[in-house]
Structure formats: structure tokens, C-alpha cells
Amino acid sequence: MIENKKIPWEKFLEKRARILTQWETGKSPLLDLDKAVEHLRSVPDHKNFAKKLRKAKAEGITMIQPRAGVALIDEHIKLMQYLEKEGEADFLPSTIDSYTRQNRYQHAQDGIKESERVGRSLLNGFPAVNYGVEGCKRVYDSVHVPLQARHGTPDARLLTEIIHAAGWTSNEGGGISYNIPYAKNIGLEDTIRYWQYCDRLVGYYAEQGIEINREPYGPLTGTLVPPSISHTVAIIEALLAAEQGVKNITVGYGQGGNIVQDIAALQTLDELTNYYLKLFGYGDVFVTTVFHQWMGGFPADEAKSMGVIGLAATVAAQGKATKMITKSPHESQGIPTKEANAEGLRASKIITRLLQEQKFPSSKRLSAEKDIIKKEVNALIYAILNVGKGDFARGVVTAFDRGIIDIPFAPSEMNAGKILPARDAEGCIRILEFGNLAFDDEIKAFHKEKLKKRAEEEGREVSFKMTIDDVYAVSMGRLIGKPKKREAGS
Amino acid sequence: MKTVVIGVIGADVHAVGNKIIEHVLTEHGFNVVNIGVLSNQEDFINAAIETDAEAILVSSLYGHGEIDCKYMRENCEEAGLGKIKLYVGGNIVVGKQDFKEVEARFKKMGFDRVYPPGTDIEDAVKHLREDLGE
Amino acid sequence: MIENKKIPWEKFLEKRARILTQWETGKSPLLDLDKAVEHLRSVPDHKNFAKKLRKAKAEGITMIQPRAGVALIDEHIKLMQYLEKEGEADFLPSTIDSYTRQNRYQHAQDGIKESERVGRSLLNGFPAVNYGVEGCKRVYDSVHVPLQARHGTPDARLLTEIIHAAGWTSNEGGGISYNIPYAKNIGLEDTIRYWQYCDRLVGYYAEQGIEINREPYGPLTGTLVPPSISHTVAIIEALLAAEQGVKNITVGYGQGGNIVQDIAALQTLDELTNYYLKLFGYGDVFVTTVFHQWMGGFPADEAKSMGVIGLAATVAAQGKATKMITKSPHESQGIPTKEANAEGLRASKIITRLLQEQKFPSSKRLSAEKDIIKKEVNALIYAILNVGKGDFARGVVTAFDRGIIDIPFAPSEMNAGKILPARDAEGCIRILEFGNLAFDDEIKAFHKEKLKKRAEEEGREVSFKMTIDDVYAVSMGRLIGKPKKREAGS
Amino acid sequence: MKTVVIGVIGADVHAVGNKIIEHVLTEHGFNVVNIGVLSNQEDFINAAIETDAEAILVSSLYGHGEIDCKYMRENCEEAGLGKIKLYVGGNIVVGKQDFKEVEARFKKMGFDRVYPPGTDIEDAVKHLREDLGE
């Protein structure tokens, strides 16, 4: 049975030996741990993700990072260099393609070949495993800012080994956040184990004095996720990572749309993560936050997309997110060209810099929103700990199974999929159907009241139709979905 | 009641649009067989055979649509679904490409209807009525 | 001597007869007042500026309006139609060219001819006087939203006659705001008289039951203008207009850059204008506000310009400005193409609509900023009334002459030009040198304290260098200008 | 100390850049004669004659620069300022135009140096030193 317990080193090494055989690039001599440590020690501070984040937090500046990755390594390097230079990115990603995410390395290999043949990327990301440590190191050598792998991989163990050995000093993901939104029927126990492995590796490096950043994936399905739910997942993944020895964690949140709720979410995310880490004995973990620009459906129009990006950056900077993941004006269309990607970056950059000395003022309205988030997170964390009989790893598996925690619009069968979110009259994300979510009556009454008010203003019943309308709304240029008159069926 | 199969092809997990499509088509009186995300061509074809469906609506969002949909028409024909209508929509290629060209590529692959990003699913309802008869 | 007194109708008609001879288009039969009234009565509500503003304020939505105008009428009409359709503009402008602004109608005529010859606009706006009522009516007929003349014309009497008779239901400008930032040595008494005339015409139409909107030009020089100074000018112009019978006034403010100060400015602008209008007996005037997106130097980069636009729109919407004047990604380069103009509009549009249900929360920090603005405006208004011995028109002339009110960076010799603004550590615009500005010691101490803090943080003296650095800052991607190491002279 | 005339030509009231230019050139040890905004060609030429200036720096921001600067070189020559250096900068034409072309147009009109929007005035300092000698 799964346990939130640090993996013993010998057991880790045993597993490791097997994992490195999953694809031929696992045989690289650079995957020798001593070699990897040596290389990682040579990473200068300005290329170390964890250290640059510490600096940013101290200065109160919101750093920017895009998503980007293509099939062919030379193109990928050009892309990274372009985003660093023309996009003024503070951090670089390498977004991994979807075959690699599903460990289909042979498919990825075919994708590389086919891309070479047709002369354009047919993969939606960079197949890092196929290029191996040597390839990833070439990417690392070609840029001047820290690199991170961004993916959505339930089992990222081989990928993780490869990228860190190559000098990429951050890895996004987690046993929950890279399962529930990214898989259909992979067990949670399995993915938690996979990610315990990834974290254990980072913990090992930490023991060698090498600080590597880990980032649980915050926005989950990116679609109307109430902040307390994504916070709870982030906190639990932070706790699980800390147990494996991770010392530098970035918890994330995807823009919801109501500015006060978003600022409240950013502030509570930092406060609660620190609180729980300390409470459970991991007081030496350094916490930063990442704000994801609008993760739902974007408007088709490029100028409007730039508007959404500008709004997001304004919120992130005022909420003092340490980092922000940017979108591009191509978002609704497809993976952006490097130019479009850089446009999103530069628009974001100037806003974060113009606002670097400014902070959203505290107010009663903000406190109220923070309080409800805190109450909800506490309720969820407590419930999970309870069903786990004191163990978060066990608890979270059971909690998902029973719908005690539940993520809207998730593809995974491990997720109950019973809750339904909807916006209230001011655009805050609230909950319409609670399923088995571990909220008490007081919290539920709060949500119901808020949604009733919206329904009254719109002259309709509180129902799933609101949720549907809200899913579309931003791409139609509104935050709160207005009733759409649809003809009834034929 | 006309039966249609819907799902998201390949290693693609974009679930939101799929849930909306199910909801809207059902509202419009279709018998919707939703095989969900991470479905391969076989899953689509088997579902269509089992439920005697008249159309398959393939969603592909994540960019690998062009690879994932290869030979789908041929595979349908082999499985005896010679006349089934094949629709595809979502973000079916990597990046922002000229849609006319994309449409032509997929039509050549045997798809009857090809939809650009962000298509209102109501459009497909109209086409289904045209193509399948009321 | 100038007086804040409604112009007697006979005197108005006398002047009018002379003014209509200034250029041949003044002879148009459509300038017959009864004809004009008849035409204005036929303007439907959705094309009436004043009425659409009332609706917007009631709904709490921030409307958007670009600046735009070209030399040739057919091109100008195409431009207007494009901005309405592709830019989704709620209101349309017609920006008038600089020759017309200086009443150099012959120059404008040459500009039209030369533009026809070379096939592109050589004028920086639409020469409305040269096209006359007939031309302006064609523009009016070709669009479906209200039209306004936007210019910077010290003596806009003929222009005003022409545009209103053509069905344009708003006019920007004022005796102070279209003099001090737009002229070098035209007397304030003269321009106040010219604008009393323009307002009197609107007052006449109001007597006929036709509501026309008037908009004092808020941002003045657009460069580090402290809110209390532009507010004072706006309020005085509102009072002067109200005396002439204007019933629908939009007071304006140009984005400063600190979000709290900007929101405080928007809120106090509305509150103070209403307060003073009521206090001086014009309680029936309907007041709305307009927020100008960043009016200082823009960054050269288009994506960054879109960032500045996005930030501005976020502030305007949260501050519940009734209207916002948008900029374009071409701002730093030159008059935008219609496409670039529409991009600025659409980026702004989506933000105002996404935020239409949201409002910046009240807080102590915001109240403090509002309080200081109110104190300062009250001090200035009181001082002006005082030197005017109870008459605002007389008072404001003397006040400018003595520097009791003073606008930074203004070209006009009527302006003392003694004050120097600079940003504080949070980016709020404060005052460094007060000249003769009518502030008491308490207010001055507040400013000094704030600037001292910034200077300390930057390790330099409080000085004019800060002002210089701040003038450049936004175009360099920062709000607060950092010390630039310049080599000393040769 | 070298004397230079600065000002903003035509019906143009953009005063901010002009004040900055005065400040920076003075800081760099030039004798700056600033005729301010709303100045016409005559004002520039008269100021240059009166102060024995070696260069005229024309600013034009508002878009009418092309019209306002017509025959300026010829007018200088007529006034006996045959060798005076003529610089022009700001936003000297209407709209965003290809700067190479704009530069060519103004050089043809007899301007020695032509600057694109947002030029750092320090660049002109370097050129003044080159053109006028230290």
C-alpha cells in the first residue's frame, strides 16, 4: 500500500536500474549519478531555477515563462534562444510532446522522423527522452536562463532522470496533477509512486547540496476549477515532495477571472502551503507561487487574446506571484509560432515590470475571499488526512475515489467527476453541485447563496446550463456566461 | 433517433469540449455514444459497429490529429463501415495553419466534414441533419 | 473682463454671424439653427453620445473609443466604418488635423489637395471645417454609433457649429484644456471665451430638448500630471460649461501608472465634479468619466504597447470609468493604421467586458489616496475662487498667471511652468517643486516625504533628474525611472 | 562652446521631448538656443543667424513634418546659412512608415541627419561631435 514515506536509497537505486532500461537513451554514461552531480554543481546561479526564484521572490518581481517545444532539436534550440532573446523570458520551458507523456517513445521517434521528412514539427512538444541527456544538455548549453521540463506525464521517471542530469533545474508535475487532468485510467497510487520517485531524485540532489525546483501543476483541467480544490492538490503534492527531500517548491494557480478571487487565491496559496509544510515538519522548504494566465478556452481573435494576456499579467503582478506562465495570441488556434509566443511574453513582461513596486491593497472584500478559500482548503486537507488515517498519500487516493476531493471536467476515471462549478454574479468560481466534496453546510450555504444571486439576476434557475455557458464565456468575450437561446432538439 | 459516436482521438486528454459536445448533441435529440478521451481508431470503429451509428465525430485538440487520423477512412471501410460519415474538429493540426489547406488534407484522407478551431457545435448539428436526413 | 456668465442669446447670435464667415463652409444653409435642431432631433438614441453614456453608466460598463482621422473624406469614412465594425468601438471620434486646430483652413485645404495627389494622408486628422456640415453629415450617415470631434483647438467655434449641425453629438475640449497643452501664446481669456461660445451653443440645443455631450480634455500634457491638477481643470471647465447650459459632461483623466492612485483619481473625479456642480447650483448636470490609456511616451515594441493597453483597460474597468480612450500598438511610431487602431480597441474591449461585473474593492490604502486628491483639489478650487473674487473664469486666468495652478510640461506661456512632478517609491505621481501651487504645508510635507522615501531607496537626492528619468521610464519598460548613468559633457 | 538651435516646427505643440533635448544637450556642454514649440522655418533660421549657431535640430512629432520641412535647406542657403548642419527627428511623418524610405526623402530635402521615433538624444550628441568637431 502507498505511503507518504521517503523512499529508502537502496530501493530507489533498484527501481532506477529498471527505469533506465525503458528506452535506449537510459544507457547514457551521463546518467551516472556522480557525473550528474558534477554537472549540476557546475550550473551557475543565474541558470539555476531554484536560486533565480529565490531572488525573484526577494525582489517582489513576477518572472515570466512561456510554454514551448518542437519535435526537432535544432529547431527547439532556435526556439529557446528566440524566446530568451526576443521574448525576454526569465525562465525557459521545454514542453514535452504527448507521445513522450504517455511513454510511447517509439511513436515519438516516428514523429521525429516524420517531422524531419515534412520539414515541420508534427509533434506538439520536444521529445526529451528520445534526445537523451546529450540532447538535453545541448539545449541547456544554448541558453542563459534556467530550464524546466513542462509536460503532463503520469510516469515521468525516465524523463526526470534525463533532464536533471542534463542540467535542467526544475520539473513540473505531480502524482495527482499529472494524472487526473492528463490520463483516463491510470491508478493514482501508481502515479503518486512515480512522482515520489521523481521527488526522491531531487531529494538526493538536495543532499548533495544541489537545489532543484519542483512545481506541482496548479491549474489542473484549467476549466472553472475552484481555488480551494487546486490549492489542496498543490499543498498535498508539496507535502509529498517535501517528504522525499525536495527543498524548493513552486505551487501554482490558474487564473479564474475574478480579480479579487485571483489575488486571494495567490496570497492564500503561499500562506497555506507554508503553513502546512511547517505544520508537518518541513519548515525548511522554500515556497514560491506561479500564476497561469487564463487556462480555459481563448477567444479566436489575436488582439482579444492579447487583452486576456494583459489582464492576466496585471493580476499576477498585483498578486505578487513569483512566476507567471504566459499564453500567446495564437492560443485558441494552435501551438504558437515563436513570434506569437514572444509577443505574449513581451506584453506580459512590461506589465510585470511596470507594476513591480505595486501590490493589491488589503481590504475587507479581499479578506472575505481569502477566508473562504482557507476554510475550504482546511476542510479538504483535514478530510483527506482523516480518510488516510494520518497518511496523505493514502488519504488522497481514497479521497479521490470517494469524491471527497473532486476536480471538474477531468478525464480520469479515478476522479468522481460529480462536482459542478459555476460563476457567481461577480464572476467568482463557486460550486453548484458538491458531489461528495468534504465541505460542511456552512460552506455549501455560502456557495448556494452566491449562485442564487446570479441566477436571480439572470432570471433563470441555478443549473448545469450556467456551467456550460461559463465554459464558453471567455472565448465569447465575457466572463460570466449569459443564457444562450438554443433551439430545442429536432 | 440517430446514433453518433463521439470521442477524442490519440493520446489526447482534452475532455472539456467532448463533454460539451455530448451535452449539446443529446439536447438536440441524438443518441450519443461517447467513448471519451484517449481513444484510438479501433475504439471509434468498434463503438460505431456495436451501436449501429451513422456518423463518427472525431475530436482532436492536442495537435497530433494528422498522425492519429491517418487511414481512418480505410480502416472504417475494412471494418464494413463503408458509408459512415466521418467528421473531425478541434485543433486538428499543430499550430495556426491556413484552414483551407488543412481542410483539403483531411478531406483527402476521407473525412466528410472538417472543422476549424472553436467551431460552435451547433454548426455540426445542422450538417448532421443534412447528411443523415431528418 | 472675462466672466463666468451665460452669454446672452443676442450677443451669441451676433458673434455667430461673424464666426460663420471665417471659412466658406460657414455659409452652408445647414447651419441655419432651425435646420440644425431639426436634424439633431432626428438623431436616434443609439447615435446620441449623451444618451449612450447615460446607459453605459447605468449598466456599469466601460465604453471604448479610439482616436482617428485622416485627410480625405472617403478614406475617413472607411476608417470610421472599420473601427466600428472591426474595432467594435462603442463611440467614434473624428480626430481633427493640426492645421484646422490652429484655424489655418487654407493650410488644411492644401493638405487635402496634396494628400489627394500623393494618395495618402499628409494631414494628421480630418479637416472637418473644410468639408463643412455636408461632409460631416456624410460621416454621420455612414456609421451606427455616436460621433465626437476630438482635437485640441483653442478656437473651435466654427468647427463646433459645423459638427453639431451635422449630428455629431459630442465635442471634446475646453478653454483651459485646449489651450495650455495645445498653444504657445494664446491668452486664456480668449480661449475661455471661445469655449463659452461652444458651450453656449450646446446650451441652446439643450433648451430645444437636444442633449449633447461635452468633454473637457482630461490628460492635459499627458506627462506626469498629478491627478489633483487635472481634476481641478476638469471641474472648472465643467462649471464653466454648466453655466452656459450644458447638461451632459464627461470629465477625463489620463492614466498615471500606479493602480491605486488611478482608481482613486477616477472615483474622486466623479465624486468631486458632482459635488462642485451641485454646490454651485448645477445639480441637473449628468456626469460621466473618461479614462485615457497611458498618454505619455509609449514603448517602441508593439507587443509591449499591447501590454500597456491591457494594463490600462484593466484599471479603467475596475475604476468603473464610463468611457476609455484607447491607444494602439503603433502609438510610439505614428498615427496608427486602421488595423493597428482596431487591435488596441479589441484588446481593450474584451477586458472591459470580462470585468464589467467587477469593481476595485474599497480599502484603507485607496481611501488615503482619495483623501489626498480631494484635499488638493479643494485647496486649488478654493484658491482659484478666491483670486477670482467668486468668479471661476476670472479666477482661473489669474491663477494660471500666478502659478497658483500650474501644469507640468505645458508649451503655453500662460502657464507658470514652475512645478515639477516625480514618482514616489510606488509609482504614484507626486510633486517635487511646487512653484506657487496653492497647496498648504501639510500637503507639501506629504509629497516631500513620499519623494524622500523614493530617493533614499535609489540612493540619490530628490531632484529634477528623477522627473527626467520618469518621463522616459514607461517607454523603457519601467514605471519609475531609475538613475541612468550618463557621461558628463565633453 | 558650440551653439545649436533646437525647436519644434510647424503647428506642433509637443513640448516634452523638446525640454528633454534642451536639458541633455546643455548637460553635454552645448550652448542651446531653444525656440520652443510652434516655431516656423523663419524662427529657426533667424535664431541660427542671431546666435551664430552651427546646427539646427528640428523636432517634428505631430505628423506634418514632411510639409513643414519643405525647402528648409533652400531657405537656409538663401539666408546665408549655407553650411549649417540640419538634423531632424521625432515622429516626422504620418504613421508608421519604413524608416529607410523616410530617411531618404528627408536627406533628399537636404537634411544631414534624420532620426526615427524614440531616438535617444545621446545618439545625436555623438553625431554633433562628429559633424562639428570637438
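Going by the order they are written in, the chains are A, B, C and D; count residues from 1 in each one.
By our rule, a residue touches a chain if its C-beta (ideal position, glycine included) is under 8 Å from a C-beta of that chain, and two chains touch if they have at least 3 such contacts.
Computed from a predicted model, the values in this text were never measured in an experiment.
Peer 1: Starting at chain B, what is the smallest number of hops through touching chains needed to reach chain C?
Peer 2: 2
Peer 1: Taking mean CA positions as centres, which chain lies farthest from chain C?
Peer 2: Farthest by centroid: B.
Peer 1: Centroid from C-alpha atoms only, then distance chain A to chain D, rounded to Å. What do you get?
Peer 2: 54
Peer 1: I'd like to verify one number: the distance from the centre of chain A to the centre of chain C, where each centre is the average of its C-alpha atoms, in whole angstrom.
Peer 2: Centre-to-centre distance between chain A and chain C: 44 Å.
Peer 1: Round to the nearest whole Å and give the separation of the Cα centres of chain B and chain D.
Peer 2: Computed from C-alpha means, the inter-chain centre distance equals 65 Å.
Peer 1: Based only on mean CA positions, could you tell me how far chain C sits from chain D in angstrom?
Peer 2: Computed from C-alpha means, the inter-chain centre distance equals 29 Å.
Peer 1: What chain-chain pairs meet the touch criterion?
Peer 2: Applying the touch criterion to every chain pair yields A-B, A-C, C-D.
Peer 1: List the residues on chain C that touch chain A in their complex, please.
Peer 2: Chain C residues touching chain A: 257-260, 299, 301-304, 306-311, 313-315, 318, 342-351, 353-358, 361-366, 425-427, 474, 477-480.
Peer 1: Report the residues of chain B in contact with chain A in the complex, numbered from low to high.
Peer 2: Residues 10-13, 15-16, 19-20, 23-24, 27-30, 36-38, 62-64, 66-67, 91, 93-97, 117-118, 122, 129, 134.
Peer 1: Help me check something: in the complex, which residues belonging to chain C touch chain D?
Peer 2: Per the stated touch rule, the residues are 98-99, 101-102, 104, 107, 110-111, 114, 120-124, 152, 181-184, 221, 223, 296-297, 300, 330, 332-337, 340, 409-411, 468, 471-472, 475, 486, 488-490.
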